[in-house]
Amino acid sequence: MKGPDVSWYVTLSAFLFAVGALGVLLRRNPLIVLLSLEIMLNSANLALIGFARHLGDTAGQVFALAVMAVAASEVVVGLGLIVALNRNRIALDVDRLNTLRG
Amino acid sequence: MITAAWICLLSPLAASLAITLGGTRLSRRQAGYAATFSVLVSFVAALVAFFQLLNDAPEERSHVSTLWTWLSAGEFEVGLSILVDPLSVFMMLVVSGVGFLIVAYSIGYMDGSDEERRYFAYMALFVFSMLLLVQSGDLVILLSGWGLVGLCSYLLIGYNQERPQAIAAAKKAFIMNAFGDATMALALFVLIQRLGTLEYGGVFSQIDSVGGDWAMSLIALGLLGGAVAKSAQIPLHTWLPDAMEGPTPVSALIHAATMVTAGVYMLVRLNPVFEQAPGVQDLAAGLGATTLLVAGLIALVQTDIKRVIAYSTMSQIGYMFLGAGLASYGNSMFHLMTHAFFKALLFLGAGIVIHALVSEQDIHRMGGLGRLLPKTYAAMLIGALALAGIPPLAGFFSKDSLLAAALEAGPYGQLLWAVGLAGTFLTGLYTFRMIFIVFGGEPSPFVREHLHRPGHTMPALWMAWTVGALAVLSVVGGWIQFAGLWHPLSDFIEPVAVSGVEPSGLQDAVTSVLAVGLGLTGIGIAWWIYSARRAVVPRFALAQQVLEHKFYFDELYDAVFYRPGVWVAHAAMRFVEGPLIAGSIRGLTEGTRLVATRVTEAQTGLLRTYALALGSGAAILTLVFLAVRA
Amino acid sequence: MNEWLTTILILLPIGAALIVWLLPWSSQAAGSLALLAALAEVGIWINTLTRFDFDAAGIQFDQQQTWFDDLGVSYHVGLSSFSLWLIGMAVVVMAAAVAYAFWTGRDRPRAYFGLMLFLTGAVVGVFSAQDLLLFYVFFEAMLIPLYVLVGVWGGAGRLTATIKFVIYTMAGSLLMLAAIVVYGLSEGTFDLVEGADSDNAWVFLGFVAAFAVKAPLFPLHGWLPDAYRESSPEVAAVLSGVVSKAAGYGFLAIAIAKFDEPARDLQPLLLGLAAVGLVYGSIVAFRAPDVRGVIAYSSLAQMSLITIGLFALNDLGSTGAVLQMVNHGLLSGALFLIAGVIERRAATGEFARLGGMARGRPALATLLMTTGVIALAVPGSTAFAGEFLILAGAFDEGWGWAVVGGVAIVLAAMYMLRLISAVLHEQVGTSVPDEALDLRPGELAVIVPLVASLLALSVWPAAITDHLSF
Amino acid sequence: MGDVLVWAVWVVAAFGCLGSGIAVISFSNPFFSALALIGNLASLAVLYLLLAAEFVTAAQVLVYAGAVMVMFLFVIAYVGGRVDAPFERGPSWQAIAAVVAAGAILVDIVIAIGLTTGGRLEDEAAVDEPFGGPAEVGRVFLTDHLLAFEITSIVLLVAAVGGVILGSERTRKAKAP
Amino acid sequence: MTKPTVDWFALAPSLALLGGTSLALLGAVLVPVVARKVFAAIAAALGFVAAGVWAGLLYSETPSASLEVADAITRDRFGALAQIVIAGAGLLAVGISYGHRTRAEHVGEYYALLAAAGAGMVFLVQANDLMTLFLGLEWFSICLYILCAIEIDLVSSLEAGLKYLVVGSFGSAVLLFGSALVYGATGELEFGAIARELESQGLLNDGLVLAGLAMILAGLGFKASAAPFHMWTPDVYEGAPTPVTAFMSAATKAVALVLALRVLVTAFPGEEELWTIAVAVIACVSLAVGNVAALVQRNLKRMLAYSSVSHAGFMLIAVAANNELGGRALLYYLIPYGAASLGAFGVVAARERELGERVTLDNVAGMGWERPLLGVAMWIFMLAFAGLPLTGGFVGKFYVFAAAYDAGRWWLVLAGVIATAISLYYYLAVIRALYMRMPDIQLAPAGGSPPREAVLQGTVLTCMAITIGSFFAVQPLIDVAEKATAQLPF
């Protein structure tokens, strides 16, 4: 069973990474920004797992699992922040979070 | 002898310090006595030194005494040393002698001025400085004395601190002299570079090894610059008439008898140096001749009694320069001495007049004083005759032998001789113009109104006896030397300065006759116009104007130096200091601030911008890494 | 004991500063303590002077203690003959400044006097450091108290003045730090005694940059007019009298001593800058509208002249420069203190509103006149002696330098006389109240010793020039 | 044949995850974005399967697409989806720069892949059966990467604490300093 | 299936801090509200003290470096020394925090998170593979995200938290992707092994490695707040509670830079040419941006944030030197810099508590005279930042310059010098505000000075003592740093 080699996967992950980055850079809703960050982390995971298969080394998969946990933690904190912002009746728009500047 | 010389030098300094530090603990009159006494001590010490020196054989009459090393650097050393030799002793005698009389006169003249202490401290300091100048054994010490007399001159010209003209005159005098000091210093630098020493003995013995006419001329020119400035010779003469703002005894002491003749002293003292640069020597003589003529002409139109005398001083020093430049050292020094006598006398006499007329100095407001102040008139007359070179008064002997020497000194000398003769005519004319206007005729209304006759008070007596003493000296002072017949003074100075010209008896006689004749002619014309009033004063508009503007020297210097200087200073302030120096730092800070504002504007507060910066940073870094390596 | 002398000279004032800062002294007590410390410092210096062996070459009373050895940096202090003289000048002027401040009274006295003492220690440190990094440390340590002294106790424009002063100075000294790093690492040691000659012109220029700002040399004097005008008089006295000498010392002990070849190569540049500064400073001083301005720009001219002497690179020049550094320190100190005295009476230093102060105030007149004429280097004064040697040395390197110097002498006479007349003479100025008194005993006690030192030096300048070795 | 099938699955999954990814960042309603992300994660899971990472796939589906996304949806429901469109204000410099930057990163990585030394990415290591299975992953997690495992737990703990703090009741009204 | 031996000793500092975390968390639940603050603070402080002591022991008991726990961490003196610095910073941060008016119900968690962040940092400096690197980074980062936002009633705090979180996660993702690429190219996660593989397989010009290295650099640059990855710094520093800012400025920077040096020299020695230049350029950009932007700041915290960017630049110069001297310089620099940074924020915190508003250059006018201790301390800290003598900051800069010159990069010395000159302007502006300007109105609350905060003042005093002490005690510190750097494979 010979499928696409690892460069395909990595290229795909690069595309995903770029899409995620674009999301972070373009979107103003913090929730979508968080979702985009998830895409970025997942793209890295894809690369890791792809390389793990390519190298025949489980370490990559382990790394990916750990990244998942980290991503989940970030989501928790990020969502907590969004909830807190919402509680303070602050518009969920990162462009309006600009009291600190200059 | 050395001890006496040191006492002579330091005694006035001690008095000056004592008066300064004593402050109000000394009464005003005590200050005067202290100063007078200290100068008297100097004079006595000078006499002692003189007689001790006479005990030595003529060729051994040179003694150097060094107190301590004054300055040193590497191999170069300057000792705080004095030289006692015939020339310095002669000058010590003149300075302390005339100085003593004038300081004593001041006790009377300055009585009632509320800052007498300052005056006497300055006077004593001046005598010290002048003695330092003449006694120094090293060119640096000479220059120090040179500078210090200039300083004292400044202080005393500006004695009337509230008078702006006095202060301006004082500054002018100091700055023109500073210029002379600077050129002297440059000459000294050449000497240091070439010879490594500035001690007289060392300099004179090695002077022929300076190497190069150029260097030698530079040295001589530099020194001459100092002499010209100090002695108010053309072209650095304009300060002297203004210096008459000082109290009259100051004019007598500093601006007639002693300080202004320091240039002559230097020409004589440093004759071995100048003789290596004959061109410069000729220049000195030429400058002297020009000055004597120009000053004599200007004196014709002056209306201030002191300024008339001041121009005559310039003119007389011109004679001395002429003599010294033509290597007739003995006669130069002789004229220096007699001039000190009669010029001091004239000034002090004028001082009495001014004093009597409550500080009025304009001769046209005077008149008829001869009857009111007969003794003063007599004294002034003696001075004036001596100045005009009428025998048997002092001026006759010294001036004529000096001119006679010029006749001997080749074609150039003869030219100068002619100029000098013309000068004697002018001398007679302007001197007696003054005498006749001031003393002759009927008392003017002004005089009637303002004259206050000095009684037989203490101050008046101090003034009287000193003037008397000077009058006597002006009469007999010339008798110590007569042409080729009798010249102990020239002989005495011979070990220091060998005169290069010896006029013959015939030359002496011709010169004397012509000089006296011209002098008398001048006096006669003066009498004709100003006393007998047979003729009106001739008017030549152009000449009048030129003379009244003193040949436009002041205007010239104003246009050439002062105005451009001020302009440059303004320009420096306006175009360099402001925009460039202060502006550059302001521009720099403002520029940085501007950049800073831009940088902080990028800090939009939007996290998307921040992520963008991070992302593009990473992208660029990656791109660069890939590009560099692959 | 002897090897501790230098350290004691450095640490005594700093220790005293700490005591003044940390203990709750009253205003009077703080001032007296500071004055006492400053005078004790003078005493110790005299003691050092008597113990110093002028016939021996090299550094004396030196003490060395490793600071960090991997780069070869140590606490190494010691005295050369010229640093001894400069220290003497510094401690005397500092003592006068402290005394003046004590007499005049300053707000927040503990902070003030502590800073003055600290500054004293730092200055002595600069003149005695034998390790480059240590030198730099002291060089910068001078700046810290000065910044506050000008900035807190200065006049209305003090804030701008301090900023300019510090930024300028630091820009220069940081270049020096770079130069020190390069020199030290390439020599393997930062010790001035052990370090060999370097021929790196860039490193030399790094040092020169720092000193040229500190001195200052044209055109790096942008900080000078403000700093000298806005600080209190005694601080201005210290700034121009003492602190600027750190530059001269640096030129002599480091830039010239360790960079023979670059110094020779770049001699025309340095001489040129100094010559321009000399004339320029004199000219601007002549037009300056106030007392401090004249002194400030004359300081620029004088430091330029000293630089000319140093970069004549011969015995005449450097001897004259050291002598003139001492002279100018005392002169500048005295002049600024007198300026302060005048400003206390007339509440202004502007010539347009001054004048006629001589009448009835003989002490003021005498002191200003004496200091002024010495400052214009009237022949026979110690300043004349210094300038004479400097220009004689410069003449050896080319007659043009000496001619410029000669011009400057005349200009110096012009601006100094202008200062003297504008303050003392002519009509009484609008700002001069009739009831303004002559110098008070306290003021006399501060200024007279400085003037007396100058007069003593005028009698015997060889006291310094005969006791120097390079 | 197997190759073709694998390729086909790959292509579908790849386009699925790319498309859903783009959908995530394009939907103006966060609710739909979150749903699209679930699709994205699912497509990734398929790819993981192709890469013989069975355990990771399981974790992806259960933990990620399941638990995490549910939490997301809850929060979105709680705060209310605020609608915004990526380009609603037209292309700003920020948007242009963002596209350029993201594109640059993409290009960089593609170039990097192209520049790998000697085509090494083509030969795949042979792997045996347990590779990617729970046993193998567990073994590696508890031996070679023991610390990573422990740290993961700490991170999760910390995040939990953070969630508690940030989500806690408001005590007073917010005010700007 | 071999179980790895766990070197508990090497992990002891982290464990000590985790113990502190647990204790504080327990306290948050079990201890009554009145005593909670004291308890939690003491727990965290004890954690930091214990970590510091263990790190010290670790330092003395580790004559040579070794890899522990399945090569996941390095046990060496370099790490141990960095741990001591971090533990010290944490302890001082606890001191600054103590007087902070945190909401009572979260004070236990606050200290727990502080200790947990400390634990993460202490762990991270020992990290020896890409996985522990990433996880450790996230460990303390997540703690800091929460700490920044912990004032959940304040918009600025939340804003700071969110910005930090989003930009931080973005940075982490970049770092992670870079790690993945390096892993893919070399097949290794462990630093030493990566270096070996790069060497043996001739991968120095491999695209994946280069891209991975660049991305890892960017990620680390973000944590060190080096320009252009720094933009979060001012906002977060300003918005976060001041004690947290203090801790971040000292500790995060220390970790990021120490780690950067470790990763670069152990994993990428072969790419030296590339990354030294890159780091040098980043250093220069940081110096420029940090200093220039700081010039126009009025808000003190913001100004200090920009200043921390510029200091990242200085320390990156030491990293770019890539030699033992540079390592020494970095380790030494961290000590006075950390102390001054903590102290400066401590003073800001004190003023903030006094006034109840943001501290700007305007409202500290005359503070130096009102509060002599704080004023003098602030003065000293500013001098230390500016690198003026009598503070360790001077020696630090000197070492950095020496290292740069030693590495043949004289232009870095010049850049540093120019940057320092610019920086003076704003550091001195603080002193100017403290001492030379007088307040227009009385800003401090009426009724004299606020309650004395002995803990805070003690902390500031300690910072001051360290800042000055490090100037005089250079030799011992450098000896220690020398032994530490000797264990890095330069």
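Read from first to last, the chains carry the letters A, B, C, D and E; within each, the first residue is number 1.
What we mean here is this: contacts are C-beta pairs under 8 Å (C-beta built on N, C-alpha and C of every residue); 3 or more make two chains touch, one makes a residue touch a chain.
As the structure is a prediction and not an experimental result, all values here were calculated from the model.
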item: For subunit E, the least number of touch steps when starting out from subunit A; value: 1
item: Where subunit D and subunit E overlap in contact partners, by chain label; value: A, B
item: Steps in the shortest chain-to-chain touch route ending at subunit C and beginning at subunit B; value: 1
item: Top chain pair, ranked by how many C-beta pairs fall in contact; value: A-D
item: Nearest-to-centre chain - CA centroid comparison; value: C
item: Most widely separated chain from subunit D, with each centre as the mean of CA atoms; value: B
item: Whole-Å separation of chain centres (CA-atom averages), subunit A against subunit D; value: 5
item: Separation of subunit B from subunit D, taking each centre as the mean of its C-alpha atoms, in whole Å; value: 101
item: Chain centre separation in whole Å, for subunit E relative to subunit C (CA means); value: 43
item: Distance between chain centroids, defined by C-alpha means - subunit C, subunit D (Å); value: 70
item: Sequence positions of subunit A contacting 2 or more other chains; value: 6, 10, 17, 20-21, 24-26, 28, 34, 50, 54-55, 57, 59, 62-63, 66, 70, 73-74, 77, 80-82, 84, 87-88, 90, 94, 97, 99-102
item: Sequence positions of subunit B contacting 2 or more other chains; value: 589, 600, 603, 605-609, 611-612, 615-616, 618, 622, 626, 630
item: Set of subunit E residues in contact with two or more other chains; value: 131, 135, 138, 142, 145-146, 149, 152-153, 155-156, 161-163, 166, 170, 177, 181, 184, 205, 207, 210-211, 214, 234-235, 297, 425
item: Chains grouped in pairs wherever the two touch, ordered by label; value: A-B, A-D, A-E, B-C, B-D, B-E, C-E, D-E
item: Complex contacts: residues of subunit D adjacent to subunit A; value: 2-3, 6-7, 9-10, 14, 17-18, 21-22, 24-25, 27, 30, 33-34, 37, 40-41, 44, 47-48, 50-53, 55-56, 59-60, 63-64, 67-68, 71-72, 75-76, 78-79, 81-82, 84, 86-87, 94-95, 97-99, 101-103, 105-106, 109-110, 113, 116, 121-122, 124-127, 131-132, 136-137, 139-141, 144-145, 148-149, 151-152, 155-156, 158-160, 162-163, 165-167, 170, 174, 176
item: Complex contact set, residues of subunit A against subunit B; value: 21, 24-26, 28, 94-95, 97-102
item: Residues of subunit B touching subunit E in the complex; value: 589, 592-593, 595-597, 599-600, 602-603, 605, 607, 609-611, 613-618, 621-622, 624-626, 628-630
item: Contacting residues of subunit B [partner subunit C, same complex]; value: 20, 23, 68-76, 80, 118, 129, 132, 140, 143-148, 150-151, 154-155, 158, 161-164, 167, 170-171, 174-175, 178-179, 181-183, 185-186, 188-190, 192-193, 565-566, 568-570, 572-573, 576-577, 580-582, 584-585, 589
item: Residues of subunit D that touch subunit B when the two form their complex; value: 94, 97-98, 100-102, 104-105, 108-109, 111-112, 115
